[in-house]
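What follows is a group of structures, each given as C-alpha cells.
Each of the next two complexes has chain A plus one other chain: chain B in the first, chain C in the second.
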Partner chain A sequence: MMTNPVGKITQGQFSFLPELTDAEISLQVEYGLRRGYAWSVEYTDDPHPRNTYWEMFGMPMFDLRDAAGVMLELHNCRKTFPQHYIRLVAFDATRGVESIAMSFIVHRPAREPGFGLIRQEGPGRALRYTVHGYGTDRPEGERSGG
Partner chain B sequence: MGTPLYSIPGSAPGTALPASPEADPSAVAAAEAGAARAPLRTVSEVLAVSHADAVIDELDRDVVGLASVKARIRDIAALLVIDKLRMTLGLQAQAPSLHMSFTGNPGTGKTTVALRMAEILFRLGYVRKGHLVAVTRDDLVGQYIGHTAPKTKEVLKRAMGGVLFIDEAYYLYRPENERDYGQEAIEILLQVMENQRDDLVVVLAGYKDRMQAFFRSNPGMSSRIAHHLDFPDYAPVDLLRIADKLLERQNYRFAADARTAFEEYLQHRIRQPHFANARSVRNALDRARLRQASRLFAERERAFTAEELTTIEAGDIRASRVFQAGAVRPKS
Partner chain C sequence: MTAIANETRGAGPSAITDVARRYRAGVLKYRQMGYWEPDYQPKPTDTICLFRITPQEGVDPIEAAAAVAGESSTATWTVVWTDRLTAGDSYRAKAFRVEPVPNAPGQFFAWVAYDIILFEEGSIANMTASLIGNVFSFKPLKAARLEDIQVPPAYVKTFKGPPTGLIVERERLDKFGRPLLGATTKPKLGLSGRNYGRVIYEGLKGGLDFMKDDENINSQPFMHWRDRFLYVMDAVNKASAATGEVKGSYLNVTAATMEDVYERAEFAKQLGSVVVMIDLVIGWTAIQSMSNWARRNDMILHMHRAGHGTYTRQKNHGVSFRVIAKWLRLAGVDHLHAGTAVGKLEGDPLTVQGYYNVCRDSYTRQDLPRGIFFDQDWCDIRKVLPVASGGIHAGQMHQLLDLFGDDVVLQFGGGTIGHPAGIQAGAVANRVALEAMVKARNEGEDIRIKGAEILRKTARFCAPLQQALDTWGEITFNYTPTDASDFTPSAAVAH
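For the complex of A and B:
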C-alpha cells in the first residue's frame, strides 16, 4: 500500500488521523446525538472497501441523550471482538430514508494484513484488476489478526 | 505515527463535556465560565455557578407540604456541594453514590420530586444531561428467555446522563415465580448502578411496605442505595392548597362556599378506599369542572362573564357521589 504509509485501512471519517481516544470518540458521539442521529455499532473481519454491510452489534440506539450508552456498547463489542474492525455509524432518521450521516472506525485488529492487487488476463491484452484482502484467505471466524 | 500536532477542542482531559442544547442557556454559560475560573472554594461560589439553589427554592415554593422530603433534599444538595469543594481540594476522588429510593403512597409527589432532583443533580454537575426516564417493570423485563437483557440495557442506555426512575420497583422481583425474568433485570441494574454511577442515577419508587420487602429480598440493591426518602401522606390542609394551586393553573377558582364544600369532600374521600392523595384531588377537580361545564351548557341563551366561566360553585362539588350516604364505591 504505497499510498498509505501507516499501513492501516482508511475508511469513513477521521481514518487518516491517529486513532481517536475514547474521550474524542464520545465527543463525536455527543455531536451526533445533539443533531438527533441514532448511533449503532458494527463489526467485521472483512474490511473490503466494497463490503458496505458490516455485522450489527446489537440494535441501533434510538432516543439516547448521552454518549455513555454508546460507549458502553462499544466497550462490550471490543471485549467480544478484539481482533475485528469496529465502526460507529450514525443514522439520520429525519430524512426518511436509510441515510448514514457519520461513520468511522473505532477499533482495529492488532495486525492489519491489508489488500493485494489481483490482475486477471482478459481477451486480447486487456487486464482486469481487483483487490483481495489477505485477511480473508481464511474462513470467517478464523481471521483473527485481520 | 507520533503525537498528533492538532488537538480536538474539548478533548483535553478534565474538560467538561458540552451540555445539552435544551439546557437552560444561562446555566450553561455560567458552567462554562466556572470551568475557566479558578477552582471553587466556597459554598456560595458553587451555588452561584450551578444555580442549584434556584431549583431548591422553586421546589420549596411549588410543592405543597412534604416538609421532611424537602429537608432531606436540602441535606442531599448540601452534601453534594460540599463534596464538590472536597473534590477540588483532592480530599475526595470518587463521585458519591447517588441512587435513591422514594417510598410513599400513590399521589404523594414522588415523580414530581424526582424531576426536580434530576434538575438539581444536573445543575450541580452530578449528571451530564439531567433528563428523567420513567419506566415500570414492563419496560425492563422481557417475555421470553433472552429478551430481558437487551430490553433492560436499552432502557439503561437511554437513561445515561440522567435519572432512571423505576416506578413500583418491587414488581421486578417476583419470589413466587422462580422462572421470572425480573431477577435478570435486577442483576443488570445492579451491575450498572455499581460500575457507572457517574453516568446515571437510579431512583426506585413505590409503596413503603412493599419496597421494604423488596429490599429485604435484594440486599445488594439496598446497600447500593444511598438515600431513602419517605413521602408522607398529605394533610387535608395541604390537599386543599394543592386544589387551589391546580385550579389557579387552569384559570379556575372556588366560590367561597365551594372551598368549604371541597374541604368536606376531602374528609369523606380520605376515608374511602383507593385514595391517591394529590391525584385524587386532581381527578375530583376534573369532575367538578365537568359538572360546571354542563351547568353552564344548560343555559343556552345567556352571555357568560369571565367570572362565571372561571368559578366552581359549591353545587359542582356537592353533586359528587362521595357525599351520598352509603356511597362506598371506590373512585380514584
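For the complex of A and C:
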C-alpha cells in the first residue's frame, strides 16, 4: 500500500479528492469541450512517473462535442481494462499551446502497489536513483493485481 | 493632455537644422540637438520606452524628455564635432510625446524611440546599459522611472527566450490543468543539510510539486551547497517514489563567481534535478549564460527576483517590474516571481495581473488599467511560468485561482511548514484546497463568490484543510499598494 497521505498514486488534477463520480467526470468533460479541447482516453498498467505514453484507447475525439460520447468510451475502457489505470486527457491545439490542457485519473486498479526507490552509490556521496514500480516485474497484462 | 505638448512644441527652441550652427562648440539644449521630434513616426523596428519623469523646478518637461532621450543614447553634455563622423540621426533617441501624469503634479510621461542599431543582438546587458544607464542619475531630473517598453519583433527574435517555457515544463512534469504548488523551505537560514532535506521530503510527499531554496541560501557555514543538494535530491526522489509523481526542488546555484555557478548547476544535473534556481542579483550577463546552460541541459530555470524592490517599488523612480519581466522573458528564464496581490509583498491586483500577462501572453495588448502601455508581439518565444510567493495560504485559494488562472506556481512557505499538524498536513491542505477549487470552477461555480464556502465544504472531509483555515483563514494583508496604475484611460493615451 502506498503511504502518502491519500494512499494512492497522486498524478493528475484531482487525486487528492474523493474519486470523482461519473456525473462529476462528465462536468469536467463538458468544461473541456466548452473550451474547444479534444478528449482522449488512455490506460496503463505501468504508472511510473516518467511513463509518458500510456496506451491510447482509440484516437483523440477531435470532432466529438458531446460529453456522453466521451463517457461511453470511458465505460468501454473500464470494461476492457478493469485492473488498469485510466485517465482522461484533454488536448488544446491552440498555437503556442499545442499540448495537454487537462489530465486526471478516472479509474484505478483495486490494489495500487506503488514504487520503491533504488539507490546506487556513486563517487563521493552521490547517489543514482531509480524509481521502480513494484507492480511492473510481471509481464504486461498481468500487473496491478489484475 | 496633448494640449501641453502642443503648447510647448511651439514655445521652446526646436531642433537646429543648420549644420554649422548645430555643431558649433558649446552647450545646446537637448531639444536643439535633435532629441525632441514631436512629429516623429516610430519605425516598426524601433524600441519605444515610456519614462515617467519628474523634472527639477523650472526645467521644461519637453527639454527634460529630450535630455532623457539624449542621455540614454548618444548625447554628452556639450556638442562634439565627432558626431559628424557618424550618421548621427540614427543614433539619437527621439522623444516624441510628453504628457502630464494624471493626478501627479510635476510628473510627466515621455515617449522615446530608439533605432534598432543601438542595441547588440540578444543582449539585455547592452540594452539596459543604454536605457537605464547614466540617464537615471541625470541632475536636471529629480526622478525618472522606466514604466514600460515595446520591443520590436526584429529585436525580440534575436533572443532565445525561456529555455523550457511553461508548456514544455508541464509536459516534463506531467502536470496539467491546475496551478503547480510549491513551498519555500523555512527557516531560510540555519538548517543543516540533513534537516533541510526533511522539510523537502515532507512537503513533496504531502502533495506539493516543488520545494524551493530561498534567495539567500547559497553555501553558508551551517549548510554547504553539496550537502544541501545531496540531501535534497534524496528527499525529491523518495517523495517521487511515494507518490508516483515527478517532483522537484529549486536548487539555488547562485554563487560568487560564474565558475561556481556552473559547478553547482552541473552537480544538480548529475543528481537528476529537473530544476535549478538563480537570483536576479547575479546580473543580466550571468542570467543569459545560465539560460544557455539550462537549454543545453534540459533544465527548468527558476528566477527569484531578489533585489527588484530596490528599484521597482517606488512609482516616481526606478524601473517598473513589467519592464524587468519583459527583459527576463527575453533573457530566458522559465519561472519568475511576479507577486501575489493578496499576500505579504507589494502589489496592486491589476498591476500584478499585468506582470503575469507579460510572462504568459503570446501577444500582449495595451491594457492601461493593468499598467500595460504597449502592444507586444512575443513572436512565439516561450512563456514564463509566474510564481506567486509570499504570505499566501490555503484560505485564499479561490482568490489566487481567480486572479491568476492555472498557469502559475502557488508557493505557500509558512502556509505549509507552519501548519499545526506538520509539514505533510500543510501540503495536503494546500493540494486539497487547490484541487477542490479547480474542480468547482470547471463545474461552473463562481469561485469569487462561493470560494470560501467551497473551502469550508471541502474541509469537512479534510482535517488538515480545516486546521489550516482555523489557523490562517482570517489573515489578510490589506495595505495600500504603492505601485497602482496611474492611468485613467483617456482617448489621448489609448490612441
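The rule is simple: the second predicted complex is superposed on the first by the 136 of 146 C-alpha atoms of A that agree within 3 Å, B and C clash if a C-alpha of one lies under 4 Å from a C-alpha of the other, contacts with A are read in each partner's own complex, and residues count from 1 in each chain.
Keep in mind that, in the parts below, a residue touches a chain if its C-beta (ideal position, glycine included) is under 8 Å from a C-beta of that chain, and two chains touch if they have at least 3 such contacts.
Quantities reported herein were computed from a predicted structural model and do not represent experimental measurements.
In the superposition on chain A, A:Gly116 contacts chain C only, with no contact to chain B. Contact with chain B, but none with chain C, is seen for A:Leu72 once the two complexes are overlaid on the shared chain. When the shared chain is aligned, no partner comes close enough to touch A:Val41: not chain B, not chain C. Partner contacting the larger number of chain A residues, of chain B and chain C: C. When both complexes are overlaid on chain A, the residue A:Leu27 reaches chain B and chain C alike.
Contact with chain C, but none with chain B, is seen for A:Arg95 once the two complexes are overlaid on the shared chain. Looking at the shared chain after the overlay, A:Ile86 reaches neither chain B nor chain C.
Legend: residue contacts after superposition of the two complexes on their common chain; A:Pro18 is shown touching both chain B and chain C. Shared-chain residue A:Phe104: touches chain C; no touch with chain B.
Counting contacts as defined above, chain A residues 6, 17-18, 24, 27 meet chain B in one complex and chain C in the other. Listed in rising order, the residues of chain A touching chain C in the complex are 2-6, 9-11, 13-18, 20, 24, 27-28, 31, 47-50, 52, 89-90, 95-104, 114-117, 119, 124-129, 131-132.
Against chain B, in their complex, chain A makes its touches with residues 6, 17-18, 21, 23-24, 26-27, 30, 34, 58-59, 61, 63-70, 72-73. Those residues of chain B that touch chain A in the complex are listed here as 1, 4, 8, 10-11, 13, 17-18, 20-21, 128-129, 131, 150, 153-154, 156-158, 160-162, 196, 199-200. Of all residues in chain C, those touching chain A in their complex are 167-168, 170-171, 174, 176-178, 205-207, 226, 230, 233-234, 237-238, 240-246, 270-272, 362, 380, 383, 424-425, 427-428, 431-432, 435-436, 438-439, 442-444, 461.
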